[in-house]
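Below you'll find the structures, each written out as structure tokens.
In what follows, chain A forms one complex with chain B and a second complex with chain C.
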Partner chain A sequence: MSEMLIDVRNLSITIDTFRGPLQVVRNQDIVLHSGEVLGIVGESGCGKSVMVSSLMGLLPKKQANIKAERFTIGGKDCLGFDESHWNELRGTTIAMVFQDPMTSLNPILTIGEQIYEVIHRSHAYGKEYDARKIALDILTKMGLSSPERRLIQYPHELSGGMRQRVCIAMALAGRPNILICDEPTTALDITTEAQILRLLQDLAVELGIGIIFISHNLRIVAQLCDRVMVMYAGKCVESATVEDIFNNPRHPYTMGLLMSLPQEKWHGELKAIEGQPPDLYELPRGCSFTPRCKWAMRICGKQIPMISTVGNHHEYTCWLAKLEGL
Partner chain B sequence: MGYIWETENLVKEFTLSGGLFKPKQIVHALQGVSLFQEEGETLGIVGESGCGKSTFGYTLMGLHQATSGSIYIDGHKIDPYKKRKAVQNVMQMVFQNPYASLNPRLKIHTILEEPLELDSQYTPRDRSIRVKEALEQVGLTVAHGERYAHELSGGQRQRIGIARALIMQPKSIILDEPISALDVSIQVQIMTLLEKLQALYGISYLFISHDLPMVRYISHRMAVMYLGAVMEVGSARDVCENPQHPYSKALVNMIGQLLPRAPLGEPLRGEPSSPLHPPKGCLFSARCPEAEGRCFDQRPPLKPWMDRYIACWHI
Partner chain C sequence: MTRYILRRIGSAFIILWVIISITFVLMHAIPGGPFTDEKKIPPQVKATIEAKYHLQDSVFTQYTDYLANVITGDLGPSYKYEGRTVNDIIGDAFPISAQLGLLALLVAVVGGLAAGAISALRPNSIVDYIITFVSTLGMSVPTFIIGAVFVYVVGFELGWLPVALWRGPEYMILPVLTLAAQPMAFIARLTRSALLDVYQQEYIRTARAKGLGAWTIFIRHALGNAILPVITYLGPLAAGLLTGSFIVETIFAIPGLGQYFVTSIYNRDYTVILGITIFYSALVVALNIIVDLLYPLIDPRVATTKEA
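So, the complex of A and B:
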């Protein structure tokens, strides 16, 4: 049985804004096992980035109000953590790769200095270690050509794909067992994207690292992930194994997303989901997908549907489940 | 049937100004691109960033002046950089970022009216009628015309971008990455809108994007560009289902299938060569798995093969 790395139950995040409190994530469970790649899919503004930022303790303490029944990361209860606790955890247990490798590296430090910093802060290497050797080792593993030269180069001297590899190398330098990737390939070219994805897949398989992979590219999610969460307006509407999501989608939003991709590699007609994602300040009553849903019934606009479970932990929140007698 | 536009050996070079100790450098953005567009067809251009696909659109539209080569519109050679008027009724452009391409200080109807003011045959009354028509063509209402750009969502803004291109009733619209800044569900709304407009008005599109499945979906013909030159051009179906050029093959193999646990796409080794110092031989030779002898010395011309054109010594 694989180890449970993240176990968060009933997570709600409210952020104070100028227009008053805004509930960005509502009653959400997140579970991640070792060696598993969890994909999170959703449109921009659906709360996926805020959710994973809370797992890294990156939300501002003053504005963000995080509530949860359980909030354990790597076996530690993190709900009452202050900044020093988070600093212990970040980089050593949980690490993150951001979307834009152009802005997430420090432009005035060499690649080497930035990687050494992570190694020095990690306890995984004991008292005696050779930071340079470890860094070279990781960079080689990331498939960077001439790693010795990279160590003394500055970020601007590298291409986008190389920078993203350096970001992943930095994230892994502290030997974390959880890696969060927030749209790691969106800013990259398709040729580099394929290389980075290979790398991530190897990490999960060989090192047993649990990966949370946020993306809006369903094609990649299908290829890379083991389990998928589809989010809409701050809530997961469907969560299942990758096979169930793609072969047997249950929620109308998931179906809509799948219909809006050129299927079968090239063919098939595209069908758009009409309308706009809702304004989180003025969420519709009941199920928040109702205004865009083709199968919306009267009850959908009145009450929030409950979670229905079918098969192998295939969970979805839709009133259609009631019609099927689930 | 004549072509709407045709380019012949279009070359665009940018000069990087050197510093005190640095000599001037030349970026070879377009290295002899010859393409054409027929009436009512969609020509897709795919390639990695920096391959010159956007530069081609900009040069064709006259936003960059071509270094050499010619552009023909309706069979007449013109310089769009100097004769903007000759182009504006034939071609219009939609830009990538709908957040940056609309003036935040103007109301939408003012933005849409602006191009019409250049044409003296429109009276103010005609103009507002035309604006209303254009808004309806892209699925918006007159009420949207009274708003400012920041009051609209990304998808609505891109619709305004398309309406602004439509308003001059062009024969062809250059779409430079029109959907890459949008969400998936909104992308498809824009794609279906483009299809509908083409069916209704017979507009041609030059669809520039790096999203191969989307280009395949909307295009009749497709050109694959690498380092400022066309590697392969032919019907979108042929190029995607039976790619011949090693680079097109690599691109298609990188996509992989939309199936759970399908194998990840096959990555292409190496980084693209720098457009500052393009290889002497075939532009793709540095990364090509099939490259040999002649590929490194001589640049292959774009030769006809079956009913497409391919630039490779192996064909």
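So, the complex of A and C:
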């Protein structure tokens, strides 16, 4: 059995806003094993970014209220961690690649300087190491041409795709076990996107690290991930292997997402899910998806459905499961 | 790079020539001259004096003669201070103004950056409110009032520090603080808003995600970016402090260049007016070139030329 890198149970995140407390993530479990690529899919505002930010301790301490039964990252219980504890963990155990490589690199430091500071923090290289050589190795592995030149260049001298490779290199320079990618290809063009995805895929196999990949793009998830969590309004509605999600979707929301993908055979309109995601301040009673659900029943608007399990850890929360006697 | 600098210096000379010409024409367009006086000077004496300073030549000849002298670095004799050249006056008085200006610049930059940083690191705290209040006050109260308050409270009522002349460190404190007050307040506000803006940037989040400590993030990632608008302001500020200290020099009776400048205008001392104007202009132009050359060193996105 592979090592369990992230073990978070019953996670709830409430953010204080000027309109009052807002529950962004509700009673959510997240588990990640080494060598696994976990995809998290959902519409904008469904809480996926907030959830992974909490795994990095990046939420503002004052506004964000995090509760969980268990919150273990890399074998360490992180509930009640203060900033210095998190700093120990960040970059060395868990690292992150952000959405927009144009803005996530510091414009006035060279690529080299920004990579070295991660290497210097890592304990993985022992006492004597050559930071420049390590950085060159990583940049080469990321498929960047003439890495020596990149080290002394500034971010604005690189293209978007190159910068995202640099960001991934930077994240991996600290030899983390866990890599979180928050829509890392959204800001890139489609050719570059394919290259970056292939790179991540190779890395997952080669380094055996656990990767959490956030996306709103099901196609990318299908290509890259082993297991998928579909999130809706701050909660995972369905979680299964990528094969099960695509071949045997159970939750109406997952089905809707799959139906809304452009299909090769069809030439008609895209079948988007009707309606809007709910206002998190005024969540509907019962299942949050009820107002948009084609199969909504009376009970759906009254009570939150339990988790049902079928097959190989295929979990979903829908009252339709009861009809099937599950 | 060399070509860029040469081009900048070339255009600087053109700017100076235009300034000289305009000042020269304006000065001569105003009725009266250095030797017009309420007391009647005997015509004979006046003619002798005017002949001595070539004031009887046509204005155009005076202009070309003057330009020729300026090119050799000679700003001519003073009409009012007998036996002293404009070069002497600048040589004597400017070091005092420069001392005052540079000290004020140092105080303004160091104090402003520190106050702005403290403010931005604890936004909406008591300290932040106090600094914001004081800096708003500092920006809106005119220099001569600040100076007057210092003179009255610290100099007169408390008697801690001398309020006039320029004879040693204790004489410098009040004038320097007076001159530095406004730019310091401005830099504090500039730094605060720039830092708050930088802390919203995604590269700061990246730096946190790397596990860097708060201090490293501040020094390495935030400060360098936040300081850019301050650097832009530094050129005009340095020029302003070096050349614009005449109010402070008047309040504290400091024998600096600003005082000579003001007196020379009352006296119609043509050569002193022109000389100090040229000197000040050259200073402003040079400081701006220096800041423009300095900027790319701090912000790599600003390249001065393609080949650089």
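Just so it is clear, the second predicted complex is superposed on the first by the 320 of 326 C-alpha atoms of A that agree within 3 Å, B and C clash if a C-alpha of one lies under 4 Å from a C-alpha of the other, contacts with A are read in each partner's own complex, and residues count from 1 in each chain.
Basically, a residue touches a chain if its C-beta (ideal position, glycine included) is under 8 Å from a C-beta of that chain, and two chains touch if they have at least 3 such contacts.
As the structure is a computational prediction, the values presented were derived from the model and not from experiment.
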| item | value |
| --- | --- |
| Clash or fit, chain B versus chain C on superposed chain A | fit |
| Touching partner for A:231 - first (chain B), second (chain C), both, neither | neither |
| Partner chain(s) touched by A:55 [first = chain B, second = chain C, both, neither] | neither |
| First, second, both or neither for A:214, with chain B first and chain C second | neither |
| Where the C-alpha centre of chain A sits as vertex, the angle toward chain B and chain C in the overlay (nearest 10 degrees) | 70 |
| Partner chain(s) touched by A:88 [first = chain B, second = chain C, both, neither] | second |
| First, second, both or neither for A:271, with chain B first and chain C second | first |
| Chain B versus chain C as contact partner of A:8, first or second or both or neither | neither |
| Which superposed partner A:103 touches (first chain B, second chain C, both, neither) | second |
| Chain B versus chain C, judged by how many residues of chain A each one touches | B |
| Chain B and chain C, minimum CA distance [Å, superposed model] | 5 |
| Touching both chain B and chain C, residues of chain A | none |
| Complex interface listing, chain A residues touching chain B | 43-44, 159, 161-162, 189-191, 193-195, 197-198, 201, 216, 218-219, 222-224, 241-243, 245-247, 256-257, 260-266, 270-274, 276-277 |
| Partner chain A, residues of chain B touching it in the complex | 48-49, 153, 155, 183-189, 191-192, 210, 212-214, 216-217, 237, 240-241, 250-251, 254-268, 271-272 |
| Chain A residues within the chain C interface of the complex | 56, 58, 83-84, 86-92, 95-96, 98, 100, 103-110, 117-118, 121, 154, 156, 167, 170-171, 174 |
| Residue numbers on chain C that touch chain A, as the complex places them | 201-203, 205-214, 216, 220-221, 224-225, 298-301 |
